[in-house]
Amino acid sequence: MKTLIVVNFKTYAESTGTNAVQLATIAEKVATDAGAIIIVVPQIVDVFQITRRVSIPVYAQHVDGISFGGNTGHILAEALAEAGAQGTLINHSERRLGLAEIDAANQAAQRANLTTIICTNNIATTKAAASLCPDFVAIEPPELIGSGIPVSKANPDVVTGAVNAAAGVKVLCGAGISKGKDVKVAVELGTDGVLLASGVTKADNPEAALRGLVEFI
Amino acid sequence: MKTLIVVNFKTYAESTGTNAVQLATIAEKVATDAGAIIIVVPQIVDVFQITRRVSIPVYAQHVDGISFGGNTGHILAEALAEAGAQGTLINHSERRLGLAEIDAANQAAQRANLTTIICTNNIATTKAAASLCPDFVAIEPPELIGSGIPVSKANPDVVTGAVNAAAGVKVLCGAGISKGKDVKVAVELGTDGVLLASGVTKADNPEAALRGLVEFI
Amino acid sequence: MKTLIVVNFKTYAESTGTNAVQLATIAEKVATDAGAIIIVVPQIVDVFQITRRVSIPVYAQHVDGISFGGNTGHILAEALAEAGAQGTLINHSERRLGLAEIDAANQAAQRANLTTIICTNNIATTKAAASLCPDFVAIEPPELIGSGIPVSKANPDVVTGAVNAAAGVKVLCGAGISKGKDVKVAVELGTDGVLLASGVTKADNPEAALRGLVEFI
Amino acid sequence: MKTLIVVNFKTYAESTGTNAVQLATIAEKVATDAGAIIIVVPQIVDVFQITRRVSIPVYAQHVDGISFGGNTGHILAEALAEAGAQGTLINHSERRLGLAEIDAANQAAQRANLTTIICTNNIATTKAAASLCPDFVAIEPPELIGSGIPVSKANPDVVTGAVNAAAGVKVLCGAGISKGKDVKVAVELGTDGVLLASGVTKADNPEAALRGLVEFI
């Protein structure tokens, strides 16, 4: 399959509200020019307006393992889907869930036809997450997040270990990714792409950063 | 001040996505006709599209005590405000927070000029919540939620006790509210209005339910 | 291996403090008489006094994935081991943990030479838990807990499914277990024993209940 | 009232198991010699053995807002009391709870005749915690924890602000406390004592550290 570049907007000022719309528009332009797949992951409150403005895939940052009902303040998969989201992160390192919650969230999202990416922190939890049958697992070793050192370079063994442990479930890797060669190495290690955030959202020139990322795809 | 009718859309099918837009439109119509204040509280992913369609106040169901930064999957007050929300619930019974989290969420929301409603479960926690200086506290005795018996009738003492404990912070009450007379009694007990959900969202005729609620205002 | 009868004392009055010591003493007597393995799982504050009084294995109800350090109010594996605990439950349905937390708790416990039992709620989470390499997984379908209907009878497929999904990790089953024949069926379905609570702790005659449970072992 | 020195053992190696017993014995000796009140707060699993060995007050690090029942892995006030604990911390910065949980924990503890200390992080949450009527609130500004700079010196205003906000509920202060003069200043600012941990548990000579702390009492 084609390599995925998944850009998590987090809650940075540079990727909130109208800035988020602008960044998604840039991502769409780069994706179209390069024939690449770039997925944007804005804050949940921004999902609706971004799906109205771009045609690249928009994922949510979180979903809860709930159904229609009394769940004030929770994120419902069907509501995300109706707002135009095509997928969602689950269990991001900044929004960890219980094991039964991850399973329920993954099932809720798949029931609403959302593509699921379960985030993990090591090989053991990657194996566990993969056994829940998400569409993707995304391994991000916590010690490398924000280190500026790409996981694909700092610890290639954890990436290949995750690919093996995932037993057929597709794997993304994250932490420290910012350049096209990081993506290239990640793919050579057996992944289907990368998950990154500040490498794009905090870049002086996000468009140039995105063009760099898809350079070797 | 004028009595507030706060309608929590929760994650009911009847108040998600296009249904949420439709219900908000009905609420706007009743509010305009009656000269009443009706606030709608849709799911976070629906906030943007509803603020584009109605001019009555739209509140969020939850906000986190965070600032711009790395907070994947969390709800940022500034993002809610930019999407058009005018206020937010905090610590709803279906989305409880820690004490320090409530304080941080209340501060984050007020920093973004959102009106805050901290939900509580008894007189002691109402006093504690009020001491954090929100715009409103909303007391909902858990044993009456979904009971069909209005708190204003079943336990008027808890309502007046909450009003006293709040020491000047405005109080809403909830649990079992569905009729205009429930609102009337709530106001007579010293509150500034009511917080309700299924009494409107699950009504056979939500417009009639809303018209009933504002009958004695 | 021999069949395990794991008795969770929860926080029942009948199994707290001196009552817990008394119940553990009864369990020891039945285990000795029948040549059976009965493991008692008292509250953490009761672990020390029970390990002083009985020689059957004593497990903790919970452990956190922490090391020596600043973790006020958390449960340290090394402290449990020094108090005489030989094992621990992890992720019980009444004390759910995050995926990364389960992994960390399992590793912390094994580092302190505690036998680990990760509790799960369905086949998918059993597979995930087993991939973290605990000593046991214990599946308890939530819909059967407290139903009085043994999981081994109500839903044998979930038990055999869990045994298959566990891929070599030993499996216990729980929910509704109270009689020797429930244990017998559980073993025939491929498990290594059962996890139960009220069937013993709330029995009119706990000693008779325990004798019944080990009847066919 | 007499000044309280509350020593939190956390989960340090120096204050776990037999080391905890030894440290509690030292604390008892210093308290007796100086006529001071020193309260030790060991890990929950160590409470029983320490209450058998010393006669100074032993508090727990955490309690849950539960009653007898099905609460696996939770901490029951009645079980703590039966094991000899005389009080408990609630909502320590390393074990934060929800507002309703704090209220429930405080009530559960007081029902079992345990003295309660609710920990807080700023003046607003101190006011909120005090409104729940614990025996003490203990303010520990997070930015000073582990800083080596005593809160009583770095930020006397937050201490006096907390004393005022507590409106009659007794106040302890913590963060950076290690010397007798820190205790003296804390008392001069209106508190009834201090809460500390590493200043004693990590001291080269814990006995000397304790003797220093009670020097000016």
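Think of it as A, B, C and D in the order they're written, each chain with its own count starting at 1.
Operating definition for what follows: a residue touches a chain if its C-beta (ideal position, glycine included) is under 8 Å from a C-beta of that chain, and two chains touch if they have at least 3 such contacts.
For clarity, every value in this text was computed on a predicted model and none was experimentally measured.
Trainee: Through how few touching steps can subunit B be joined to subunit C?
Mentor: 2
Trainee: Could you tell me which chain lies farthest from subunit B when each chain's centre is the average position of its Cα atoms?
Mentor: Result for the farthest chain: C.
Trainee: How big is the gap, in whole Å, between where the Cα atoms of subunit A centre and where those of subunit B centre?
Mentor: Chain centroid spacing, subunit A to subunit B, equals 33 Å.
Trainee: Please report how many Å separate the Cα centroid of subunit A from that of subunit D, as a whole number.
Mentor: Going by mean C-alpha positions, subunit A sits 43 Å from subunit D.
Trainee: Where the CA atoms of subunit B average out and where those of subunit D average out, how many Å apart are those spots?
Mentor: 37
Trainee: When you check subunit A against every other chain, which residues touch at least two of them?
Mentor: Touching at least two other chains: none.
Trainee: Is the chain-to-chain touch network here best called a line, a ring, a star, complete, or other?
Mentor: Drawn as a graph, the chains make one closed cycle, so a ring.
Trainee: Each pair of chains that touch: what are they?
Mentor: A-B, A-C, B-D, C-D
Trainee: If we count contacts the way the header does, which residues on subunit C are in touch with subunit A in the complex?
Mentor: 91, 96-103, 120-122, 124-125, 127-129, 131-133, 165
Trainee: Taking the complex as given, what residues does subunit C use to touch subunit D?
Mentor: These residues of subunit C touch subunit D: 8, 10-13, 16-18, 43-49, 60-62, 66, 68-76, 78-80, 82-83, 85, 89, 92-95, 146, 197-198.
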